[in-house]
């Protein structure tokens, strides 16, 4: 089963700029992460944008929906900043993508940091997308939530189920 | 949903002995890996043994089966050396564990190495075990296989589907 | 020979804040770095401040001079942000610390990043401080410069000799 | 000042063989380590051999001496296994290399492991070689010893001064 990974940026892909001392985006780390995980799932990687999800506006969100809809693969993983991941999940669900399984994932710490949770989350999202029924999900920290059953707790930084 | 992780050793947990220059087993890295993945799944970790799976004999395999059967959790991840992972999967399947979902996983490179696939595989196994129907599976490199549909290709080192 | 390491912050010690997505200072990584280097030099670690060297003002610089002067050890390594490292070196030289050998070092990439140069630079500075004659030096990227023979090239980010 | 790094293998350069689960030698990591340290010292890297120093015999040791003597650079760092580093240092000292400064270094843990001391030691050796007077030295764990003033304590694994 072939899947698509749609890259939008987020903490996952932040890098350290040696000259300015700031975090910035360059290329996605997803291919390197899949190599490190020796991932044997057939994967098509598509970079939609490389931004902080706080900077994602409605046209950007519509662009993500459009690309998901256009994906020939039924399983789509979206790497996404955590701050507005739930909003994008909602936009995707409301777009009614029919038989597609869409799993949004991200990281609390950039992959370029030694202590990143990114590789764990990517392994998790790539797995969930293959076996979950059609729908839109958020996969973080080993858990998966339906798009309308999760929120990011901004105080603790973790994703949690809502009733 | 609470899951159990049954640790048996394998490449996952090999460490470098500074005095002898050899690889050896000490404590499992699974708790550290779950912390790094910021895993929020409720997990009970149980160390059954710490061995190279080439050294796993029938009594050892029976012990793994016994502990799986005794697990109060319905989802069990087993960290295991790759060389005889499929044999242990078969023993578990033949033991008929009923409504349990058992997922065996491992690593090609020890977690203590910077380039390890372990964190990716653990994220994957923890995810598959929550959503796959009862049965015994091998989860490696982002893929999952039923116990009787997989073999390790000893020439290439990868797990592949068999017809 | 016992040496002192005076910590002032800088890129060396920047960490990633999971909640805000910004870099910040918490505790110094110097003890962890010395453990990783299995450093057997007797070392006294003293944290003077934890700041970006762009935020270091004259009172702060005077405080560094004061602590260097007060050090009972003749060899002092100072971990320091690279942006104003040369200014602090000048202040130390003008303070005339007599028989002390002072070596300032830093990093282009935080130690918490996998790709950091910090461990290399710390190994270098700890070595130079033991064998260089009294004076004030900057040690970066395997090189050492007298305080009045170096500048940071702000375009390229590297330290270079000046005539 | 240009220096030469003569690579002989040792723990520094051990890698993990995914198929056999054993440690082995392939290419040296020294160039990658210098890049990571953003080393700006002009360096010529020469691989003499890639072996465990326990396997180094007299012809091999003579080959190291020959290459050191032939080096046009006056400063030579030798990366070497720790088990017989002191023997090679003695052979070099007895060969009377005149005005050359030779610094042997190594690692307790392979660079490919996350917890390696290699980068710290390489930064240290590259620094010592630039400032120590002609002679043969062992640089480990931030310290430097004259060739005839050091031994490896095989029980603790550390290098220590002898009277």
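So that you can tell them apart, the chains are marked A, B, C and D in the order they are listed, and the count of residues begins at 1 in each.
Convention: a contact is a pair of C-beta atoms (placed from the backbone, for glycine too) under 8 Å apart; a residue touches a chain by one contact, two chains touch by 3 or more.
Computed from a predicted structure; not experimentally measured.
**Q** Taking each chain's centre as the mean of its Cα atoms, which chain lies farthest from chain B?
**A** C
**Q** Round to the nearest whole Å and give the separation of the Cα centres of chain B and chain D.
**A** Centre-to-centre distance between chain B and chain D: 39 Å.
**Q** Measuring centre to centre with CA averages, how many angstrom lie between chain A and chain B?
**A** Whole-Å distance between the two chain centres: 26.
**Q** So, what's the distance in Å between the C-alpha centres of chain D and chain A?
**A** 45
**Q** If you look at chain B, which of its residues touch at least two other chains?
**A** Chain B, residues with two or more chain partners: 108, 114-115.
**Q** Which pairs of chains touch one another in this structure?
**A** A-B, A-C, B-D, C-D
**Q** Once bound in the complex, which stretches of chain C touch chain A?
**A** Listed in rising order, the residues are 11, 14, 16, 18-19, 21-23, 52, 108-110, 112-115, 154, 157.
**Q** Over in the complex, which chain D residues touch chain C? Could you list them?
**A** Those in contact with chain C are residues 33-34, 36-41, 108, 115-117, 119-128, 130-132, 139-144, 158-159.
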